[in-house]
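Shared between the two complexes below is subunit A, which has subunit B as its partner in the first and subunit C in the second.
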Partner chain A sequence: MNVVVTGVGVVSAFGSGLAVLEDGLRAHRVATRSGPLNEALGVPCVAEVPDGSPGPDRRIDFALSAARECLASASSPDSMLDADATSGSAPGPTALAAHDAILIACGVERAMLPAFDPLWDGTGVDFERAAGATPPLLLRGSVDAPVRAVCEALGHEGPAFASSNACAGGVIALLRAARWVRSGRAERVLCGAADSMIDPMGLGGMLRLGTLSASGVCRPFDARRDGLVMGEGAAMFLVESERSARARGATVWAHVLGGGVTQDAYRPSAPHPEGRYAEAAMRVALRDHDGSSVDYVNAHGTGTPLNDVAEATAIRRAVGEAALVSSIKGAIGHAMAASGAIEIAACLLALREGLVPGTAGLETVDHEIGPLNLVQAPQETPLRRVLCNAFGFGGQNASVLLGTSR
Partner chain B sequence: MTFIVSASGVSVPAIFCDGSAGPARVAADPVDHILRDNTVALGRLARALPIARDPAPIDLPEDLRVDGRGAKAVSRAAALSVAAIRLMLQAEPADPSAALFVGVGASGVERAELDRVVGSSRVDGAFSLPAFRRRGLRSFNPLRTFQSLPSFTLCHAAIEASVHGPGEATFSRGLGTVMALADACDALEDGAPEAFIGGADTGHHPITRIERTREASVADLGWLSEGAAFLRLRSVAERPIGRLLEARLCDGSEPVPPDDLFVVDAPRSTLPPRVADVDAQAVFGATLAASPALAWCLALARLDVSGVATIRTRDAASGAWGHVRIERLR
Partner chain C sequence: MKWIAASIVTAAGDLESTCDAVRSGRSLLRPHPMYRPRVAPVSARPDAPRSWRFLSSIDQHALAEARSLHRASPMPPRTGLYVATHPLRADWPTLLKAMEHQRSAHDAPHAHGLGRMHPLWMLRYLPTGLQSLLGAELELSGDVATFGGPTSGAQALAAAARALGSGDVGHALVVGADDRIVPEVLVAQEAACGAAAAALLFDGGLDTAAATEALHTWRPGLRATLGDLGSVEPLVACALEGFRQSAGLGRPPP
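Now for the complex of A and B:
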C-alpha cells in the first residue's frame, strides 16, 4: 500500500506556519537569539519560538498550532476533514474520525522548579504538602500533555499515543504512522512531534552535559563547530493511504517511500563513532531504492563534534557523495524531539518547491568530515527523492525516504 | 498474526518488586513468587506506603544490578528494565538485529538530587534563577540527566542486550504497551529475527504518587507498584512457551472470547462486566507502563499446560481497551 503525507503544520524558531519556515529557509536567516533565561544561565543564545506561549508547558501550544495548520492544509472539497473547524481556534469534532489515530513524539517532562517553593521544609521537599494542595501544584508537565491537549481540542476519542524516542522521535512517529496505515490499524494518523526544553532544568541539564555551543553559533559540519543551540517547536503531518487521499481529492505532499530505525546500543552519551547503525537506518530506508537516487539528505547535523563526523561517514557509505546534504539546525537550533519532524517539513518544502535549505553556520568544512556535497547557501533545484535523518540521544537512529512519487 | 513467545529457561523473565517494607524484594520468577506469597498482605503493605516516604532501594541480585558510574545514569524504571532483559538473556543472548519495543512511563530524578537542586537554588524562600545557575546546577550530577529521559529505559535495555534492530519507546499509560506489542509484530513481519517487547515502570516516584492520587479515586488507584517484563517473540523457536494470537485495540463492550483464561489489567472500578479469572492489578498492583507486560506473563504462567488466554488492558488516560490473546504451548 502506498502511504502519503497530505497535511503539514509547523512551529519553529522562525515562527508559526509552514510559510514562515519556508521564508526563513529561503532567506537563509538564523533564528537564534538571546533572552532572559539563557542569559541568566550563562548560555549565549537559544532558538526560541517568537511570541511563544508564556504558559508553563509551551509544548502544548506548539502541538495545537501545528495540528490545526496540518488539518487545515489537509482538507479538500471531498474531505471528511472540516477545514473551517480546524482553521479556527476551536477545531470541531469532525476533524478526525474514530478510526483515525494521533501519535506525537513528546520529549521529556518539563520540570516546574518554582512550583517546589511551597514544599520546601528547610531540609528537603515535603511531598505530603503537595498531595493536598489546592489548587493542585503542577510539579512537572507530563510527557503526553501535548497529546491530551490535541485530543481535547479536536474532540478526538479514538486512539492517541505519545512516544518518547528522544531526538529521533519525530521521524519515528511518521514511520510508525505509515506502518499503522499500511497494516490497517488506522485509517489516517495525525502524527508528529512537539518539544521544548528551554526551561531552567532542560537548558541547565544540557549545559551541564556540555552539549551546548559555547560560542552560541551552531555550525554543522564546520571545523569550528562546538555544540548545539537549543531550539523548540513542533511539526504535525496527516498520513494516509494514497487511495484514501485520491478518493477525497487531497493534495499529496509526498510519498513515504521507506524508513529505517536502528539502535547504536553503544553508550548512553555518545553515538557510535563510525555511525555504523546510522548508516544501517539509512540503508533500511533505501531498501527498495538505490542510494544514488537520493537527491538531497536533510542531515541530523547537530553541530556537535561527534555527531557530524559519524553522520557524514554514514551518509557517504549509504547514499554516496553526490547527494546534496544540509542541516537546518544552524538556522532554527535543535528542537530536540521536534527536530526530526520540523526537518521533515523542510523536506516536504524541498520536494514541493525545489528548495534545498542551506547550512547556516557552515563556513569551513572540517577535514574530518570528508567528501560530502554539503550545501552552504540555499539552492533551488527540482528534487524527487529526499532522505531525512534524526538521531536520538542514547543511540536511536531513524531515517525516512520521501519522494514525489513511487 | 501468530508469533511464538520464546523465553530462555522455564521461567517467564519478568521482575516485580513489592516496594513495601525494607528493601524491595525482587522475584526472578514473579509468578511463582506471587503464588507463594500472600498477595493480599503484599497489597496492604504497599498501599500503606506514604507519599512522603522515599521508596526503598531495589535490592536487585548482584548479577542483575547496574553498578558503578552507570548506576548514576539509570533511573529506577531503567534499572528494572535492564534487570528483566538480563534475566531473559541469561540462557541465550539476543540476535544483534533484534527489535526492542518498550512501554515506558514518567521519569524523574532521585529525590535526594531534587532536594539538592531545589535547596541550593533558593533565595529568600523562593526559587532564584541566579542561584540556580550559581549553586543549583553545580549541585547536580550531570549523569543524573539521563534519569530524566524516559527513552533511556529503552536505550539502557538495548545496550544491555546489544541489539541494533528497530527500537521504539511508547509513553504507555497501559495501552501504549499493547500498541508496542503490535509494533513488535510488525517488526517481525518486516524481517527482524526476533523482538523483545515489554514495559518497565515505577509508581514509587513521589511525584508520580501525587499525580496518580490526584487523577484517580482511591478505589481506582489500587496500590502503586513497580516492575518490568518482556516477551521474546520469534517466528519460529525451538522451545516455544506460547503463541501470540492477537494484539489490538478493542471496544470495551466487545464480547470476551470463550478462552480458557480471562485476565484483566485495569483499575478496579473499571473492570468489565464479565468477571475476570485473574485481576492482574490485584496481583501486581498498578505497575503503570509495565502492567500489560506483567499481565501477559501472568497469563502464560496461570495456564497450566496448554490453553488460550485473553488479556484486556485499560488505558489510564483514554479509558480505551487493548486486547491480547496468547496461547500457551507447554
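Now for the complex of A and C:
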C-alpha cells in the first residue's frame, strides 16, 4: 500500500505557518535572538517562536496551531475533513474520524519553577500547600499534554499516542503513522511533534551538558562549530493511503517511500563515533531504493562536534557523496523533539518547490567532515527523492525517505 | 496472553510472589508517614552499576528486570524495544540542592541553582534514558519507541503488537516502570499508590484485545493489594495473566 502525506502545518522560530518557514528558508534568514531567560542563564541566544504563547506549556499552543494548519491544508472540496472546522476557532468533531489516529512526539514536560517559590521554606517544598492552593498550582506539565489538547480541540475519541523519542521523535512519529496506515490499522493519522525546552530547567540542563553553542551561532559541519542553539516549535502531518487521498481529491505532498529506526546501543550521552547505526537507519529507509537516487539529504546537523562528523560519515556510506546535503538548524535552532518534524516540513517544501535550504552558519567545512556535497546558500532545483535524518540524545536514529512518486 | 519471558518487581517481590499476593487478596499497603494515601513501595534496591546512576530507582529496577531476561536467554535477532516511561517526576534530592540557592526562574537561576547540579543531571530529565541503557545493555539496535504519559504502558504494548503483526520485528521487548509514591502524586489523590517495574518478551502472542482483557482481569486485585501502579499497570497485568495461564492457576478473585 502506498502511503502519502496530504497535509502539513508548522510552527518554527520563523513563526507560524508553512509559508513563513518557506520564506525564511528561501531568504536564508537566521531566526535566533536573545531574551531575558537566556541572558539570565548566560546563554547567548535562543531560537524562540515569535509571538509565542506566554502560557505555561508552549508545546500545547504549537501543537494546536500546527494541527489546525495541517488539517486545513489537507482539506479539499470533496474531503471528509472539515476545512471550516480547522480554521483556528473551534475545530469540530468531523476533523478526524473515530478510526483515525493521532500520534505526537512530545519531548519533555516543563517544570514550573516559579510555582515552587511560595512552597519553598528554605529547607524543603511544602507540597501540602500546593495541594490546597487556589487556583490550583501546576508544578509540572504533563508529557502528553499536547496530545490531550489536540484530541480535545478536534473532538477526537479514537486512538491517540504520545511518544517520547527525544530528537528523533518527529521522524519516528511519521514512520509509525505510515506503518499503521500501511497495515490497515488506521485510515488516516495526524502525526508530528511539538516541543519547547526554552525554560530554566531545559535550557539550564542543556547548558550543564555542554551542548549549547558558546558563540551563539549554530554552525553545522563548520570548522568553528561549537554546539547547538536551542529552538522550539511543532510540525504536524496528515498521513493516509494514496487510495484514500485520491478518492477524496486531496493534494499529495509526498510519498513515504521508506523509513528506518535504529538505536546506537552505545552510550546515553554520546552518539556512536562512526555513526554505525545512523547509517543503518538510512540503509533501512533506502531498502527499496538505490542510495544514489537520493537528490537531497536534510541532515540532523546539530552543529555539535560529535554529531556532525558521525553523521557525515554515515551519509557518505549510505547515500554517497553526490546528494545535496544541508541542515536548517543554523537558521531555526534545534527544536528538540520537534526538530525532525519541522525538517520533514522543509523536505516537503524541497520536493514541492524545488527549494534546497541552505546551511546557515556554515562558512568553512571542517576537514574532519570529509567529502560531502554540502549546500551553504539555498538553491532551486527539481528534486525527486529526499532523505530526512533525525537522531536523538541517547542514541535513537531515524531516517525517512520521501519522494514525489513511487 | 502468551509471552516468552517476563520479569516484574513489585512490593510483593517477583512475578510468582506478586501473583500469590494478588490471588490471596493479601494487601501490602501500609500508611505513609506524611501523606494520606496508603502505599506499597518497592523497597529493595536493584544491583545497579555506576552507568545506571542517572536513572531513577524504579527505572533501574526495570533495567534490572530486562537484564535478567537477557541473561537467562539473550534477546533474539530482530527484537524491537518498546518502553513505557512514567509521567516524569522531579528528582527531589537533586533538585532541592539546586533550589536551596534558587530565588526565581528569571533571577540568574543557573548561577544560583542549576549551575550546582551535576553536568549529566539532564539525563535524569530526559525520557529516553531507560531506552538508551536498555539498548546498550541488551545490545538492541533495531526498532525502538518510547511512550510517555499515564497510558504509556498500554501504548507500548499496542506499538509492540503492531510491530509484531506487521512483521517489522520478530520479537518485541516491552519494558516499563512507574513509582507513584512521590509527593506530587500523594498530595493530589486519596487512592492507594504503588510502584512496579516490568519487562516482557513477546513473539506472536500479543494482541491488544488480550492485553485489555488481562488488565480487566487483574486490575481490581492489583489495586487492592499494591495500590495504583500507574502507567506500568497494563504490563504487570499481562505478566500476571501469562504466568497464571502457564501455571494452570485460577483467575484472581474479583
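Criterion: the second predicted complex is superposed on the first by the 406 of 406 C-alpha atoms of A that agree within 3 Å, B and C clash if a C-alpha of one lies under 4 Å from a C-alpha of the other, contacts with A are read in each partner's own complex, and residues count from 1 in each chain.
Just so it is clear, a residue touches a chain if its C-beta (ideal position, glycine included) is under 8 Å from a C-beta of that chain, and two chains touch if they have at least 3 such contacts.
All values derive from a computational prediction rather than experimental measurement.
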item	value
Simultaneous placement of subunit C and subunit B on subunit A, clash or fit	clash
First (subunit B), second (subunit C), both or neither touched by A:S405	neither
Which of subunit B and subunit C A:A40 touches, first, second, both or neither	both
First (subunit B), second (subunit C), both or neither touched by A:L207	both
Subunit B versus subunit C as contact partner of A:V261, first or second or both or neither	both
Which of subunit B and subunit C A:T381 touches, first, second, both or neither	neither
Contact residues common to both interfaces of subunit A (with subunit B and with subunit C)	37, 40-42, 106, 108-109, 111, 113-114, 116-117, 120, 124-125, 127-128, 130-131, 139-140, 142-144, 159, 161-166, 172, 176, 179, 183, 185, 200-201, 204-210, 261-269, 277, 280, 392-396
For the subunit A and subunit B complex, residues of the former touching the latter	37, 40-42, 106, 108-109, 111, 113-114, 116-117, 120, 123-128, 130-131, 136, 139-140, 142-144, 148, 151, 157, 159-166, 169, 172, 176, 179, 183, 185, 200-201, 204-210, 260-269, 277, 280, 392-396
Partner subunit A, residues of subunit B touching it in the complex	50-52, 73, 100, 104, 106-108, 111, 114-115, 117-119, 121-122, 125-127, 129-130, 132-133, 136-137, 140, 142, 145-146, 148-152, 154-156, 158-159, 161-171, 173, 175-176, 179, 182-183, 186, 206-207, 209-211, 213-214, 248-249, 317-318, 320
Complex contact set, residues of subunit A against subunit C	36-37, 40-42, 106, 108-109, 111, 113-114, 116-117, 120, 122, 124-125, 127-128, 130-131, 139-140, 142-144, 147, 159, 161-166, 172, 176, 179-180, 182-183, 185, 199-202, 204-210, 261-269, 277, 280, 392-396
Interface residues, subunit C side, partner subunit A - complex	51, 54, 81, 85, 87-90, 92, 96, 99-100, 102-111, 114-115, 117-123, 125-129, 131-133, 135-136, 138-152, 155, 158-159, 162-163, 165-166, 168, 183-184, 186-188
